[in-house]
Amino acid sequence: MRYDEIFAAMLKRAKELLADGTVNRVIGWKRGEFSYDVTPAVFETPEELDAGFVYDAFCGANVSKYLIRESEKPGRILCFLKPCDSFSFNQLLTEHRIRRENVYAVGIPCEGMADVKRIRAAGIDGITGIREEGERFIVSTLYGEESMDRREALAERCLCCKSKRHPVFDELIGDEGEDAPDDARFAEVARLETMTAEERFDFWRGELSRCIRCNACRNVCPACTCENCVFDNPASGISQKAAADSFEESMYHIIRAFHVAGRCTDCGECSRVCPENIPLHLLNRKFIKDIDELYGAYRAGDKADARNPLVNFTEGDAEARIVHERGKA
Amino acid sequence: MQVKEATGFVPTIVAFCCNWCSYAGADLSGTNRLSYPANVKIIRVPCSCRVNPIFFLRAFQRGADGVILCGCHPGDCHYTTGNYYTRRRMTLLFSMLDYLGIERNRTRVEWVSAAEGQKFAETMRSFAEEIAALGPNRRLADLRCRKDAEEAGITDERGSGDAV
Amino acid sequence: MNDLKDRVLRMSGSAVVKCMRCGKCSATCPSYDEMEYHPHEFVYIVERGDVEKLLSSESLYKCLTCFACVERCPRGVEPAKVVEAVRLVAERQQGGNRLKPDEIPALCDPDLPGQAIATAFRKYAK
Amino acid sequence: MKYLPLAGLNAFLERAAQSRKVYVPVDEEPGKSSYRLWTPGTVVSRGLNTTRSAKDFFFPQTENLAGFRIEDKKIRVLDPRRETEDFAVFGVRACDAASFGILDKVFLSEPEDTYYKNRREHGLILTMTCRRPAETCFCSVFGIDAANPGGDVSFTDDGSGWYVEAHTEKGSAFLSGMEELLEDRDPSGAEEARNKTREIMARLPLAGLKTDAFGGGKTKALFDRPEWAELSEACVGCGTCTFVCPTCQCYDIRDFDTGREIRRFRCWDSCMYSDFTKMAGGNPRLTQKERFRQRFMHKLVYFPENNDGEFGCVGCGRCLRSCPIHMNIVKVMKRLGEDDHEQ
Amino acid sequence: MQKIGVFVCHCGTNIAATVDVKAVAEALGREPSVVVSQDYTYMCSESGQNLIKDSIRDYGLTGVVICSCSPRMHENTFRKAAAQAGLNPYMVEIANIREQCSWIHKDKAEATEKAIILGRAAIAKVQLNTPLIAGESSVTKRALVIGGGIAGIQTALDIAEAGFPVDIVEQKPTIGGKMAQLDKTFPTLDCSACILTPKMVECAQNENIRILSYSEVESVSGFVGNFTVKIRRKARYVDETKCTGCGLCTEKCPVKKVPNEFNLGMDNRRAIYIPFAQAVPKIAVIDADYCNMLKNGKCGVCSKVCTAGAVDYKQTDTFVEEKYGAIVAATGYEISDVSRYDEYAYSQSKDVITSLEFERLTNAAGPTGGTLLRPSDGKHPHTIVFIQCVGSRCTPEKGKPYCSKICCMYTAKHAMLTREKYPDTDVYVFYIDVRTPGKNFDEFYRRAVEEFGVHYIKGAVGKVAPRADGTLEVQASDLIMNEQLHISADLVVLAAAIEPSKSARSLATLLTASMDTNDFFTEAHPKLRPVESPTAGVFLSGMCQGPKDIPETVSQASACAAKVIGLLSKNKLTGNPCVAHSDELMCNGCSNCANVCPYGAITYSDKEFRMPDRTTKTRRVAWVNPAVCQGCGACTVACPSGAMDLSGFSNSQIMAEVDAICK
């Protein structure tokens, strides 16, 4: 389905569900200044929907985390979930973070989400408008019109999409999609694994040293929903407001990845929002790959009552020395 | 007996031991006068599953060169299942440290029962030798906390504000 | 010796150490009476590392590969696969290459079609 | 007027680097640049602006303030301050250059922040005009001229080189030893380049942003506006906007025990964080709405109120680019300024 | 800041020979917050303890660090001493400078330096100690035994004998279990019913025992000493208080072809029935699946013939809720399904039977009245083949990985009894190993071979093929003769693997008791706490914990009863104060902690919180029951927000130790 067709169906359904009283609010995406800067927003009336609601290739933001707060409010809220978002939503249900009865979930198809950073990386700047024409994006800029291959503009997570399927929904727009094979998704992790320890160290130091500890990755992450994060809690003994040195840079990212291990749905939001373009998803994906390889394939958010692999075990699990015994590095 | 390299490097080693098996195993190696390096210092925890990955990082931050965790053999946990969770957590943590390019041999998990005084001493000896061979922890160190860095005048670029 | 054993284990993928010596494989074997070494003995002899003993036995060729023993074995040892692996070792050992590439020039007859040489090589080389 | 041709840049920087550390913008990856220490071979970015601002050199993210050493049962205080080496930051745009005016008002007013002052005194700001402003630029809204960036020395870009002009004594002193690396050119070329920039600035999509609804004295009119709820609704409470901002200057002071001494250091804080302004009695800003409002009220109302009408924003557009959910000061100004709510 | 006293023990020369104790005391005395630091020859002696007590009083100490032997030796001694001096016992920490220092190092300087560091770590920890008070809870003096087989019966009788009320919940209409179905018992060959039925009757007569037969556990809540259990009493359609057990109804009932489960379906019973003559309680029950009256309202014969007026077709399931201090799982075992092994032709021939069926065929109350007859044609079998290890000792794909333990012995019994009663019968036993550890067991097996001429053949049976003439061709290998045998048998008896009762898994979930991969209940410790489940207050009796024979089952049942009696004799339970606790303000309610808790100590509830902005918010938060928590700390690591912490081994305490060691 094309985005304009999906959007038309979403708008129609949102109005119907508001009108028949199934829901009293709609969470979706709101148009911005430049066609790429949409903001998640809650709409309460058909007029508000008409004025600002949008769904297109720039609606990458995962709205599932907002439902923690929204589902506590009176009435039911309609949410539109892309496949990625629905995995996150389901994981949050597993962790009892969302009141399911207060949410009406409509699964929507996703044809891949563009990342404006990738358009800029292609040397296109001064972007004032973007439209899709078949497999190309036509970008109008202050300095003339440019065009680029749609795929070139897609976010990394969409280039190796994990699934077009919605593990949870009340209804669907369009046909249900399928899981994608995982090989492409782990290729970059596998490449890093084949490097020597020195190379890996240099790679990660290079990446993590750019971290400014703005917490965007954490705060946008649908798995990071702690009432009070250990890094904000002075009583935890590890709270930090800024990384004072390279150790603290690593510490933050190791602990964050560990805390979401087995719960991360690989929605890729952490990497999308990083102002320093640190490939944070490669940390989370490493845990996913390890878990799959060591404890059997597991997908956080696939089943609502699943036990995550870190709170589970089998008697025959590999010993930690398996890490030491891996190919020489 | 401290393991020293020619350079005189004496690593700092933290050993977390569960109260029921490994701590008792350590006591037994003492009772049997089986020596192991003095730079290994033991912290008693009720169960290996009490050990948070944060404790490992904390030890490295504060100057440890190696951290080892010892617990009951799988299936023998005093709390039935604790060490099974430990095993998964530590496997994943070690794998992540390895992925970040930190020497994988700086961390270890070893199952030592209350009867294995000999094994405890041998494990500590081999671990201490391994860490001594690896040299000081640099990749996961907090320079502010390292005595040697201060003495050598090494500072991290961060904090000085001289680089961004 | 252990080299042979390793080859058999690798080729069969069988874990002979799992055998608890119940003999159910032999009990179920339709070729039992034809065999000098019976399925359970195959497993045991391979485990002991005496593969040579088996290589020279005709029993190798009596196994019908009906897999009844594989099906019935309570320990998942898969005796038929062990037999099969020993048989392959035996076959691969039968002579080396009967023709080596450097022997060919001397044998070449100018009238001999090139294709015949290729065919012969394929036939006599293992 | 002095002119530095494109081809002469490396020689110029090499000379400059003999007397001080020189930081230049470098393309780390396509479309993204950062300041790096210049060393021979460093390629200077021709892109517009760095992800982080030049503020970082003068007000670093973390900075040691003091130390304490416990010796037996006594405490000794240590002073880690030392004079900063001279340094220069090259390629600072008009927006970032203007941010120093704002930071100075905060840090150099009594009592002076000696840590900041130290860096200001030893840091040289080499500015550059903009040839290709982005859609997110709106410095002109705050009266900043991208064609006339100021600083200690300005570099006016005409595409094949720069017209170089010193604006301060520090700047003149810096240039004085480098005459032979510069050519003499007619200043009309500089004006032509400036006009080109100004022409683009005028047609930027955000050029028409209105500031009338904001400024000193608008607290009452704006503080309780219902729109804050809707504007802050999607805010995830991260500190990205504040950390890339060239004018945000809030910090926290923390202690770290190294085992041998306690280090007291300051580090950036963000008004977007839930523990910002948390005090013994609680926190006056309880929800994200209030924290969000604080940031924009500070930039648009409180700061001008205390600083002769000068806004606390320089329109660099960094927050527009980096906000995870694309909420930003422009959307706030448009939403709150679109109707006339003034009493 | 604490006011800490440091006490360095010489332990004679055990410590002092290698560690410069004066130097340690002096160095630690310089640490901030240490107000007194002393050394003494034997800290654990009375005068040593007095030194500590006096210092606590004189210096107003709030924390004590003792540098001495392992805390596993004298932690309690020093805690008691501190308590006597008015200091909370949990404000004492031990630095182990003997086992982990002086005894393993030779260099005095090195050992002294290490002792100082260990002392500093203990000081750093005690800085963060808080006084802990062990919680107390009451004990309901009543036990629940789930399962009324020999294990449950023995446990219940022992508990009742000690004076505590016990309820037995049995899912079948009568207690007695598998043992009631057995004929003779090895190795004494006494009659199973003769030794079991008196115990069943005793249960019925003991006023401390209440039998809830035809009942199942519906739900369990609470914790050790304070369980609340809801029990479903299935409708019997016969009023228990009225039925006299005369059995008239079971003779008059017109529905005659109901497979009789007591005889494993080898004969029939009526739709209203009493399972067997010695059933306890001896009360009829209507099988709703077969009763015409219940199915279509046509019949009512039993009601008409019942002189007591006990039949009540309108009966429905009822529920009993009761409080218990202890729960015993005695759910027993079942025979695993052997029809999956096609080669043994169990589902093809009536003459291939399981050993339990063989028991019924030789039992006087069985379908044949105790005469051994082939199920197919009722003729005497002349050749009987017993096959061992059917489904036991297999890979998990093929069956059970464990040895069922009892088969070797009961097969010897069957073989022996057959040969004794029918000397004209040839009996073959195909075995892999004959396992007879136990008192008089091997002697028993040898008698079968030596006195009774049973043919024991080492080897397995590969195939059992029914032939047209009604015989069974058994193809087997004789591993000693190295030949393949073909035996024409009349009856084949399979020693089927035993497996835990199917109901055990769901019960384990209700009890939050853990199970192994085979669905046997896990014991708290395999050697040292074999009759307790890791879940406090839940005990294990009999086969539900693992395969065992009758004498073992009875011993374990009594051991289990002893543990229960020990618990019920207490008026109060004192907990270990080093337990986990959750900070409600930080808890996310994600359930990670509950998932890893081996004791089911963590429960969740929705709680209303007043938010800083004066609104209220309802959140799901964890609560750790201190009476159930054993203090392992698994939850503290599973918790991502750090809401969960462990008293006595808190995050900050452990990190303080780390810091002190790495300094």
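Going in written order, the chains are labelled A, B, C, D and E, and every chain counts its residues from 1.
As a working rule, a contact is a pair of C-beta atoms (placed from the backbone, for glycine too) under 8 Å apart; a residue touches a chain by one contact, two chains touch by 3 or more.
These numbers come from a predicted model, not from an experiment.
Looking at subunit A and subunit C, the chains that touch each of them are E.
Looking at subunit C and subunit E, no chain is in contact with each of them. Across the two interfaces under comparison, A-E and A-B, the one joined by more C-beta contacts turns out to be A-B.
Compared with subunit E, the chain whose C-alpha mean position is the greatest distance off is D. Of all chains, the one whose mean C-alpha position sits at the greatest distance from that of subunit B is C. Separating the CA-averaged centres of subunit D and subunit E is a span of 68 Å.
Note on chain placement: the centre of subunit B and the centre of subunit C lie 50 Å apart, centres being C-alpha means.
Between the CA-based centres of subunit A and subunit D the separation comes to 30 Å, rounded to the whole angstrom. One finds 37 Å separating the Cα centroids of subunit B and subunit E. With touch defined as above, residues shared between interfaces to two or more other chains in subunit D number as follows: 34, 52, 61-62, 256, 259-260, 265.
Multi-chain contact residues of subunit E, defined as those touching 2 or more other chains: 596, 638, 651, 655, 659, 662-663. Across the assembly, subunit B contributes residues 53-54, 58, 62-63, 81, 85, 89, 142, 144-145, 158-159 that each touch 2 or more other chains. The chain pairs satisfying the stated touch condition come to A-B, A-D, A-E, B-D, B-E, C-E, D-E. Residues 343, 389, 393-395, 397-399, 432, 458-463, 475-477, 479, 482, 484 of subunit E are the ones touching subunit C in the complex. Of all residues in subunit E, only 70-72, 96, 98-101, 103-107, 110-111, 113-114, 117-118, 121, 514, 522, 524-526, 534, 578, 596, 598, 630-634, 636-638, 646, 649, 651, 654-655, 657-659, 661-663 touch subunit B in the complex they form. Within the complex, the subunit B residues that touch subunit D are 62-63, 142, 144-145, 147, 150, 158-164.
By the touch criterion given at the top, residues 189, 192-193, 197-205, 230, 237-238, 243-251, 254-255, 257-258, 261, 283, 286-287, 290-291, 294-295, 309-315, 317-324, 326, 329 of subunit A touch subunit B in their complex.
Within the complex, the subunit B residues that touch subunit E are 1-2, 12, 14, 19, 23-24, 26-31, 33-36, 38, 41-47, 49-55, 58-59, 62-64, 76, 78-82, 85, 89, 121, 145.
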